[in-house]
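Next come the structures, one after another.
Note that subunit A is present in both complexes that follow, paired respectively with subunit B and with subunit C.
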Partner chain A sequence: MTTRRSIIRAGLLGSAILTGAVSYAPMAMAQEVVKIGLILPMTGPFASTGRQIEAAAKLYMAQNGATVAGKKIELIVKDDTGTPDVTRRLAQELLVNEKVSVLGGFGLTPLAMSTVPLATQAKVPMVVMAAATSMITEASPFVTRTSFTLPQAASVMADWASKNGVKKVVTLVSDYAPGHDAEKWFADTFTAAGGKVEASIRAPLQNPDFAAFLQRVKEAQPDALYVFVPSGVGATVMKQFVERGLDKSGIKLIGTGDVTDDDIINGYGDAAIGAITAHHYSAAHPSAKNKAFVEAFKKASNMRPNFMGVAGYDGMHLIYEALKKTGGTTDGTKLMDAMKGTAWESPRGPVSIDPETREIVLNMYVRKVEKVDGELYNVEFSTFEGVKDPAKKKK
Partner chain B sequence: MRMSSREVSSSEIKTTQPALTPQAFLLAKTKWRWPEVAFWLVAFSLIWLMPNRHLLLNEIAILGLFALSIDLILGFAGIISLGHAAFFGLGAYAAGLMAKHGIGEPVVGLLVAGGIAGIAGFFSSFLILRGSDLTRLMITLGVALIFHEIANRMAWLTGGADGLLGIIIPPILGQFEFDFRGATAYTYSLVVLFLLFLLARRIIHSPFGLSLKALKDNRLRAGTIGIASARRIVAIYTLAAAYAGIAGGLLTQTTAFVSLEVLDFARSADALLVLVIGGSGYLYGGPIGAIFFKIMKDGLSALTPAYWLFWMGFALVVLVLVGRDRITGFADRLFAPVVALFGRKAR
Partner chain C sequence: MLTILFDGIAYGMLLFVLACGLAITLGLMNFVNLAHGAFAMAGGYATVVMVNWLGIPFIFSLPLAFFVTAALGLVLERTLYRHLYGRTHLDQVLFSIGLVFMAIASMDYLMGSSQQFYKLPEALKGQFDVFGVGIGRYRLLIVVICGLLALGLQIVLAKSLFGARLRAAVDDPRVARGLGIPVNSVFAITFAVGSGLAGLGGALATEITGLDPTFPLKFMLYFLIVVTVGGTSSLTGPLLAALLLGITDVTGKYLAPQFGAFFIYAVMILILTLRPQGLFSREK
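Right, the complex of A and B next:
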């Protein structure tokens, strides 16, 4: 009687596993520890985001010690595989079981948005270190951000382009909220300055192949192609841009710095040289602080830090500073208040947290991809200081 | 392998219990065995025993239900599908959209989610009536990809790649509020899983269920003895789609969030993997596989957040190589003393 036997086996096995799982519950925590939960995509297509931020956060702790205001800091890293319901579950478990005082990380907008209601409900600060859609910080008074917002980068890019002889532009963005942000804020700023957006192309986020879109761009013959795609996809765009001969037909490639991500730009090959982007961080940023940061980061993790890495580093700094201000109190509201208005010198230059919007205020740089000592870098040549999120300035 | 073991067991019956009529034999199969009872008792007792793992348990229950829905078509009708997430996602979005637009009552939401997924299952079932397994794989995969792209394109309705925001789920039946620790969520999902399991159990032991098994073993032969195979496949596929839709609805309601990932290929593949781990064709494969899969995933990813996929793959390869028969056999030996205590041998 196969069925009967297997049912019995199954029942036994199931009960065994379930009872075994009882002992699997995590242990209770000690008193003088402040736990920080980092939820990041460590596997899957956005793994590089997670690895950068984890490496940066660990580097910050190694450099600044694991004790702040008499409390020991414990960092708990969780992999959400880039799936929002997992992010939410992990956040909930970190809050309930580990009793974390601060949540950090969040690689993509949907991942952050799925967790925002929990932060509000539990009154725990949530430090967004990657996701760049403007609306995230508006969704809850317990959200702050140490990366950047796309409107910041996009408006600066448009500003620069309109002042530097670019009149006709085609925009090409990934079809999701950050892409829409990048498209809208570029177009708004650019048309306000007298430029013309010939066509706005949206490419699907999943399995992107840009060949057909780039053909359309070629036919439109604009002065420049403005691109926003998530970090990592940029390589495909650049390669196909050159393959289709767009570089030779006099079309400039401009975009937000996601396209020329420091972490991977070296693999792009010479196709990337000459691309102009606006962003808040380049590993080639000429400051002593950045040189030391890049050096230490490379040593610790064998990667070149990118804008995600620096945001993770600054995120940890913000949490440390807030704990110092509250004297180690982990009350969420007090921590949030302490974070507001904090200003510091980051490897990317001076940054601060806008006390009203909890959004980061930073310098935006216009950079050009060049070869430095045989490696490709984004070399900064123009600075826009103290850029606030334009999406929030309007209100 | 399955065929041969079945032949052996039927000959066993003839020799050891000659008095058993076919009716009595079939009736005996529908009886509850104590390990089954134990399984559900343990599952329900975890509501009190493991209060701080409710969220994971909730995910296990939902994945178990989803895998159960695939088991219905794979294990009982022999239809292999790589696109079952289409119905899961449809149910998830149906429940999410209802909650967003005011009709948030979870039980009603679940019924509608199941209904809509069932309707979609009914219409797409006609596509899988013909063709071989490979054709079915491609068709089901294609249907799922179409659903995924539709959800992506209809961003005004589904929120596109950002996910559907602003879902507020009111208390179940106006009584039980979803709490922060997930106790309500787990209890709710488990009760739904249990009820649907009872229904599935009833169905597979009915004449309809038996005719499905005949279909699975040999469709041509089943046809010659008068079983209308097409109608039965349509029926079970519709039912399985409704189950998947309800599982999707549960996920939406217990997490108050839906995004495109509910329609992902990975979700269909995961559920098939769960069935490979748990075994198909006896209904418990889904729930048990889900327990294994989720605990392994959760445990490994807690140990090495960056490299757990490697260990997960490694464990799965070992599992398939060693064979689940031997693993359950191991459990048999392990529990032999307990079984003896109950005065009934396991076999």
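Right, the complex of A and C next:
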């Protein structure tokens, strides 16, 4: 009787949720169920993040089965449209009504931060699979991350640049928190290594035309232009970079890998060729594991996996591993403890969760955009192994 | 410095093509159409589909984008918009903003949320130097197209019979009907042309600004600034306003990047304080 009532209640709840909520696996009855709630932007300007992570999580479950340590895994995906108060409300619904054991996803920093107090209070682990500012994992002992932090990518880019003949740089970032992070960590590392940041330009986030900024860069004649902008905007910058002839005047275009996102790089056109970026994942990463991953991902979802996708895939892996270690116990504190120190071979190379900071430790690759079989890819040519978040090392 | 001036002019011209359709519907037909940007987006996507999928050369796809969007505008005018001509401005605003959100959601569904680009012919890429001034080829194309458009539109509206009929139909539809002016079709054609111009603007803008489903919202502010600053009685106003804003924006960002988009608003506030009716407007 109680089961039937709870099924009816769940059904009613499901239909009551308006925000494009989709619940997948049908209600399992006999077996005990562990629910994982993914909150992602599935619509709106950041929808590609949500689609990548959802596809990757589903792929992981299809490949590894939906049963771990005798428990059936149920994935619930909710769409927060990229708005923090919606994320918070959905997290509350997932925690109170669905009684999820783990929260995952979180496309942007404010979205993750809005949920942190809830997860902390409920003692439910939060696995951040996209948002990249450093502070999120410091906000609560119940937060861990499987994507990357911007300081990791920015400092590696600066490190590589200073060692490869780049002495004078102009930075161009979008004027918002991740942009400031990217600017600061690049500049700090670069000046510490003896380089000079000639000018730091911050462009408004809603900036339709980069002509003025790039003209300044042209006149400053640096060795390289360091760029951090939201991924779609990257194409605009690169096109205008080439249009203005900056590539011919010997200025290198460098940046973090967000700018040459695998998901859309192919639409950038030849203007992107030659751009050098540092990031933790490229769909062209030369390993057997990645080849299989890319192939399966393309087959299942008809898109190329990007750095968000691989983080979603690894996020599911981390949750699975933690459940294996606790023997299926879903106590939040035990799950968090089990996640700390977990190390595994991801499609992007070896990664692990730092037991002290709960932050991901990963390889950073320096890559160059090249044409491979008629498509544009980020081809890796230099590796920085086991990069920890430098923002946390300093303390 | 002259390069910056040229970039500003090109950017202003682009704003003009995007906004002049709105100047026509708002200024001449007195209809507040916030969904104007949605037509621009439709034009942009039409170009992407034509150039990338169907392989139509870019230059031919521009007029096609105009006609596709004009046809779309015509259909919507006949089915939806005409019911709202007599309504209050608030009704029109609510209706058209609703249309914007529907357009965003449907484009997201049809084309995906990521940025779209088309492949430009080689001839339009790059810059060339004229007496030390770097001129972007594509930007030059924009300036030329916009200049011709502004001239053509002004002649049609001020000198032709159609222009006279349109102005009559707007000022007093009942009397205009009594004189045998086919008011409905005049409105329909005007609206279609306004939408088509938006579509052309969208097609041209994609290369410079990128195109994604939030395009109508991103640019709504710019359209409205151009039209309010320029005044709605003629096309000269919006043209000058667009140029002024384009040049201020680009130069401002060049000289003081940290203030970014501040200048465009400062100029708007200044002009509207001095001339609340816009730069050029009928005395009210």
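Assume the second predicted complex is superposed on the first by the 360 of 395 C-alpha atoms of A that agree within 3 Å, B and C clash if a C-alpha of one lies under 4 Å from a C-alpha of the other, contacts with A are read in each partner's own complex, and residues count from 1 in each chain.
Convention: a contact is a pair of C-beta atoms (placed from the backbone, for glycine too) under 8 Å apart; a residue touches a chain by one contact, two chains touch by 3 or more.
Given the structure is predicted, the values throughout are model-derived calculations rather than measurements.
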Partner chain in contact with A:S48 - subunit B first, subunit C second, else both or neither: second
Partner chain in contact with A:D159 - subunit B first, subunit C second, else both or neither: neither
Which of subunit B and subunit C A:R88 touches, first, second, both or neither: first
Contacts of A:D389 with subunit B and subunit C, given as first, second, both or neither: neither
Touching partner for A:D262 - first (subunit B), second (subunit C), both, neither: neither
Subunit A: partner with more touched residues, subunit B or subunit C: B
First, second, both or neither for A:P204, with subunit B first and subunit C second: both
First (subunit B), second (subunit C), both or neither touched by A:T109: first
First, second, both or neither for A:D175, with subunit B first and subunit C second: both
Overlap of subunit C and subunit B interfaces on subunit A (superposed complexes): 43, 47, 175, 204, 206
Parts of subunit C lying in touch with subunit A, wherever the complex brings them together: 3-4, 7, 10-11, 105, 108, 112-117, 119, 125-127, 134, 136, 138, 205, 207-210, 212-214, 218-219, 222, 249-254, 257-258, 260-261
Touching residues (chain side subunit A, partner subunit B) in the complex: 1-19, 21-22, 24-26, 40, 42-43, 47, 50-51, 54, 77-79, 83-85, 88-89, 92-93, 95-97, 109-110, 113-114, 117-118, 121-122, 133, 175-177, 204-206
Residue ranges of subunit B in contact with subunit A within the complex: 2, 5-6, 9, 12-13, 29, 33-39, 42-43, 46, 49-50, 52-53, 55-56, 59, 148-149, 152, 155, 160-163, 165, 180-182, 251, 255-257, 259, 261-262, 264, 278-279, 282, 284-285, 287-288, 291-292, 295, 299, 301-302, 305-306, 308-309, 327-329, 331-332, 334-335, 339, 346-347
Subunit A - residues contacting subunit C, complex: 43-48, 175, 201-204, 206-209, 211-213, 215-216, 232-233, 235-236, 239-240, 242-245, 263-264, 267-269
